[in-house]
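Please find the structures below.
Next, two complexes with subunit A in common: one pairs it with subunit B, the other with subunit C.
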Partner chain A sequence: MLLNVEARERWGRVWEKLAPYVFISPFFLGFAAFQLFPISFSVYLGFAEWNPYVRQGTGLSFVGLQHFVQLFADARFLNSLKVTGIITVVCTLVGTALAVGLAVLLDKVPEKLSMILRALFFMPSVTSVVVITYIWKQILSEKYGYLNALLENLGLERHNWLGSPSTALWALIVMLIWSGLGWDALIIMSGLRSIPEELYDAAKIDGAGSWEEFWYVTLPLLRPVLLFVVTTGIIYLLGLFAPVQLLTGGGPLHRTETVALYLYHQAFDYQEFGYASAIAVTLTLIMFVASFLNYRFFGGEVEY
Partner chain B sequence: MRRYALLGVLAVAAMLATAVGATTAQEETTITVWGFVWTADWLDSIKDGFEEAHPGVTVEVERFEYDAYQDAIVTALASGEGVPDVATLDPMWAGDLIRSGALVPLENIEEYLNPDDFVAGGWDLCGYQGVQYGVPADMDFNLLFYRRDAYEPAIEEAGLDHFPTNTEEFIQVAQIVTEQQGVPAILLYQSDYYTWYQGFLVPYGGRLFTEDGTGYAFNSPEAVEALQLYSDLVNTYGVGLMWDWDTDGDPMVALKEGDVMAIMHGSWYATELESAAPEMEGLWDVAPMPFGPEDRQYHAATGGACFSIPLAAENQDLAFDFLVYMEQPEVMATYYDIVGGVPSLATAWEYTDLDAVNEYMGVPLGRLVADWSEGVVGMELPSAEMIDALGEAIYLVTAEGVDPQEALDAAVEACPPLQ
Partner chain C sequence: MVTRRGRLSIYAISVFLCILAVFYAFPYLWMISTSFKTDDELYSGSVIPQNPSVIQYYRLFFGHQVGEEYNLQYRYPDYYKNSIIVTVSSLVLVLTLDALAAFAFAKYNFFGKQVLFWIMMITMMLPVYATLIPSFYLFSRILGWVNSYKALIIPGVVDAYGIFLLTQYMKTIPSELMDAARIDGAGPLRIFWNIIVPLSRPALGTLAIFKFLLVWNDYLWPLVMIREETMYTLTIGIAQMQMRQGMVVWGVQMAASVLATVPVILLVLAMQKQFLRGLTAGAFKA
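After this line comes the complex of A and B, so read on.
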């Protein structure tokens, strides 16, 4: 009887320690099965050649760093890296600057008008990427596009905006900035509204004009919000896939082919799963580095 | 006593369960067949006949949208999970699966099906290096859909008594069409390997691969001539409208607006025209591809759906039986009735009404396709890398004015070595 009580107490103590883990285990099991394993397998594949169709054995053979060495001699990969880099840098710099400007303007107009404008600018963020791309194709189409119709009415020449190597990338960038502007402005605006009014009053007393207020008060205090906007933006842009695939398909002459799109072609068109995984690993590393640099640049505490 | 009775009941139940299980396993075999849109409709319609001939076997047809299908099949075959027993394949991407060893070689298929019963180009479509990897459904080769009201007067003015059957005649007529109508006579797809290969390279006697299949041959003099013509139609003769599907979208808008007078597609395009432009009924006619020298051997290469057995399929024997079943003339004839595609199996033609006049076009389209199929060759199965490289070469020549030989040599260089 005494033994039973002791055993029960011991089990109770063990259960007390185990219970939290048991309760959270469904998440971790799901995480392990659907995220950890695929990610780990993908990393491993980056170092392997894989013919998944082979039925005898695994079809896997370890090739070490071969794919990674090959990557940096692959002109198409380097081109996709350059395209992704241009998109990321231009969209981040121009997009964030425009979003800050828009947020400041929206903050200055009367509240009712601001609400209407916010809703309008935010609309692309809740619209399907397919719809957005379709609208921009309608605008930019060479033969039947609104932009070319306008140019023609103004006596100017039509241009193949999406089909010309010199303009396709910029057309894509304009669409990306337009579609992300509302979201970024909304986040930045919430940051603007959290800056205490007294700081502006103090700046005014010190003789600061609108520009000084913006430069010395608003911008430094927006740093945490900008860190969020820039970091999430960069991660999204580095992995950019759907808008490019839908707008230009990566063409012409791969001038709009991003790393993610190239990765997709390698895996699903060329069935080079090992090489595609090496691209995925490289892209992830680039994302880590970019996020880290962001944090170093914009990070740090802000004290009011 | 009660315990023994209970054990007895359990034992009987277990025996029954085992027996039922065994019966179920024996009787309830399911073979899965994957198809995209139209092929799935047809597969659905023929499965009952197979089930009747194979008691206990159920055919489950899974229907996919075309755009998502290639990813679905590649993912299933690569993962080895949920692999269908029979897969519909498009020759545009079937080549990579064959070369990767993902499909069962149908080495003894000729014991059950006679290749002579098929249109030669259609049967060859599913073969690679002399081995058959599938059986064909229909023939899908490019035809020229042209506006009667624009081309007939031009043909007359050119002094011809027939639709052009070589490059020289076509350019002569197309220039008249363009001049009279004030719009381009023909639409050409930008960066499109398929149009160029089907209707230009093949009539000029060119090939994608060398005869033994171990090297690329699309930088040959014939290929250079074909690519030069593709570019010249737009840039020199001014009779072509270059159209990029990726950025310009569906060209139907140009056809409906009367901004171009002809387009190249398979016979299925008659249905597209009918549904998108019903008001243009009677305005369209159709002809074999008009390019190449006067003594050309083929006017096009044929694609078309084919059916194969993945190497990872569970029920390969039944899948094989299904392939043989679907290639019975009476069964395959229904492909024309349901899908509209003319079967590659020529012995099936007598079981359907190929002579029926397509009301929209005003011609017996099925019969015309059947007749013209004598002049087509089976499409060589391209690789995805090759399609990309050729697309780039076509763009460089047509849009950037690069020399065709230089562009095609670079394309060959960009393709992975063949085994």
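After this line comes the complex of A and C, so read on.
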């Protein structure tokens, strides 16, 4: 009996030491299996040809830098870089500016109304990308869409918004800005509310008008929040996939094909896993560099 | 203190925002309106259906009569069921594992803690594309999990964001509570379940709603993992409606979208407080 109690106590002490490792092990096992292994393999694949369907052996053969050399001579890849770049820059600049404007206005109206409006503007952020994209696809459809019906009623000409090379990308960009606006505005608004009221009082005493107040007090103090909004936005846009695949499929004439969509085509349509991995590695590096630059540009402590 | 001019401009801003909101919400109005239209009216471009009908909803569940003899079945109830099963199991699994890991990081000192925490934080920055192709291979060829719930649920255990969020919260729970329980002979699991979990409920609520949205709306991973129509989740089911049928099924698609979206919006509205807290926590971490 006495021995039993002792043994139990000893076990209790061991368990007390062991417990944290047991508690974090699911994450790290998952990390090893679903991240560390795939990433290492991804990087390796970037330098290899791979046919996973061979009967014997691994189907892997090392090709060195070949994919990367090929990549930067691949007009379709360079085009996808350009498309992704345009989308990212335009959506980030216009989207963030609009969101700041919306947040400032939402902050001025009575709280009850502001709450209702916020919920409304926030709806796209909780709606599936699939649903959002198909609604827009319908509205923009050439023959049956609402937009063209409206234009015709106004005596204007119908236009094939998603099918013509000159407008497809802009239609996509408008949809993206629309769907991200509420999310950004809400986060920026929480930043606005954390700015101490005294700073505005001080600015008023100094004779600042509302424009100066915005420019010299609000905007600088919003920097950390803007850093967050812009960084997460850029990461999302650089890896943009679902809205493009569903809205235009990358067309017409690859005018809307993003890097991520091109990667998907290479991997799952053409089975070029090695080449697709080289694209994946490049895309990941681009994301890291973009986050870093962003941090350098916006980062640093806020000084009051 | 509000001046006359100030009050006037508040009215002006309010009116402006309300008009803007109507335009902003138009796609939603269009979705709902289309879902209540009959086939004849689908292409009319009218915003309000002239003869509102639930035929599009009816078709989702009971099939779509095309011509005389062809009845198209959508399996929409299956999509819905699959989405619910995947989302609920993911939530239970991920919240439990996240909370346990966060408990370890927040309340224990152990060898290697700092390093492990940083490794975890770095995984947050990895884009899905960095792992997509090998993961696809791992799950389909090695594990043979194509067309299974497991394939959609298990990868979710690697949730650094959730662990981070909960760790930050659990650090604020006073350690004295744990010490008292320990003197009473409670082991780590008992302390976790009886003290940490109840006190972390707000943070768990926030995380639950974020996770819910993420899993419910996920598209890319189900798209590569699921081939069998009976295993489709809502997102790929709705997306494939148009591609697969090779015909325009807009009315049905919008009905499917309404049913997939409206409950989510209502849920988020109901949990607005938790949601906002999580959102701003993210913003100020940066």
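Convention: the second predicted complex is superposed on the first by the 281 of 304 C-alpha atoms of A that agree within 3 Å, B and C clash if a C-alpha of one lies under 4 Å from a C-alpha of the other, contacts with A are read in each partner's own complex, and residues count from 1 in each chain.
The definition used in the following text is that a residue touches a chain if its C-beta (ideal position, glycine included) is under 8 Å from a C-beta of that chain, and two chains touch if they have at least 3 such contacts.
It should be emphasised that the depicted structure is a prediction, and the values quoted were computed from it without experimental measurement.
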item: Superposed partners subunit B and subunit C on subunit A - clash or fit; value: clash
item: Touching partner for A:G85 - first (subunit B), second (subunit C), both, neither; value: neither
item: First (subunit B), second (subunit C), both or neither touched by A:K143; value: both
item: Dominant contact partner of subunit A by residue count, subunit C or subunit B; value: C
item: Contacts of A:F273 with subunit B and subunit C, given as first, second, both or neither; value: both
item: Touched partner set for A:Y21, first subunit B, second subunit C, both or neither; value: second
item: First (subunit B), second (subunit C), both or neither touched by A:V54; value: first
item: Touching partner for A:G101 - first (subunit B), second (subunit C), both, neither; value: neither
item: Colliding region between subunit C and subunit B, picked from 79-87, 115-123 or 169-177 after the shared-chain fit; value: 79-87
item: Common interface residues of subunit A - those touching subunit B in one complex and subunit C in the other; value: 52, 143-144, 268, 273
item: Residue numbers on subunit A that touch subunit C, as the complex places them; value: 12, 15-17, 19-21, 23-24, 26-28, 30-31, 33-35, 37-39, 41-42, 45, 52, 105-106, 108-110, 113, 117, 119-123, 126-132, 134-136, 138-139, 143-146, 148-150, 153, 178, 181, 186-187, 190-191, 194, 224-225, 227-229, 231, 235, 239, 241-242, 246, 260, 263, 267-268, 273, 276-277, 280-281, 283-284, 287-288, 291
item: Residues of subunit A that touch subunit B when the two form their complex; value: 51-55, 137, 140-144, 160, 162-163, 168, 247-249, 251-254, 265, 268-271, 273
item: Residues on subunit C engaged by subunit A in the complex (per definition of touch); value: 9-10, 13-14, 16-18, 21, 24-25, 27-28, 30-31, 34, 42-45, 47, 97-98, 100-101, 103-105, 108, 110, 113, 116, 119-120, 123, 125-138, 141, 154-155, 157-160, 163, 187-189, 213, 216-217, 219-220, 224, 234-236, 238-239, 242, 248, 250, 253-254, 257, 260-261, 264-265, 268-269, 272, 276, 279-280, 282-286
item: Subunit B - residues contacting subunit A, complex; value: 70-71, 74-75, 77-80, 93, 96-97, 100-102, 190-191, 244, 246-249, 253-254, 259, 311-312, 383-385, 388, 391-392, 395-396, 399
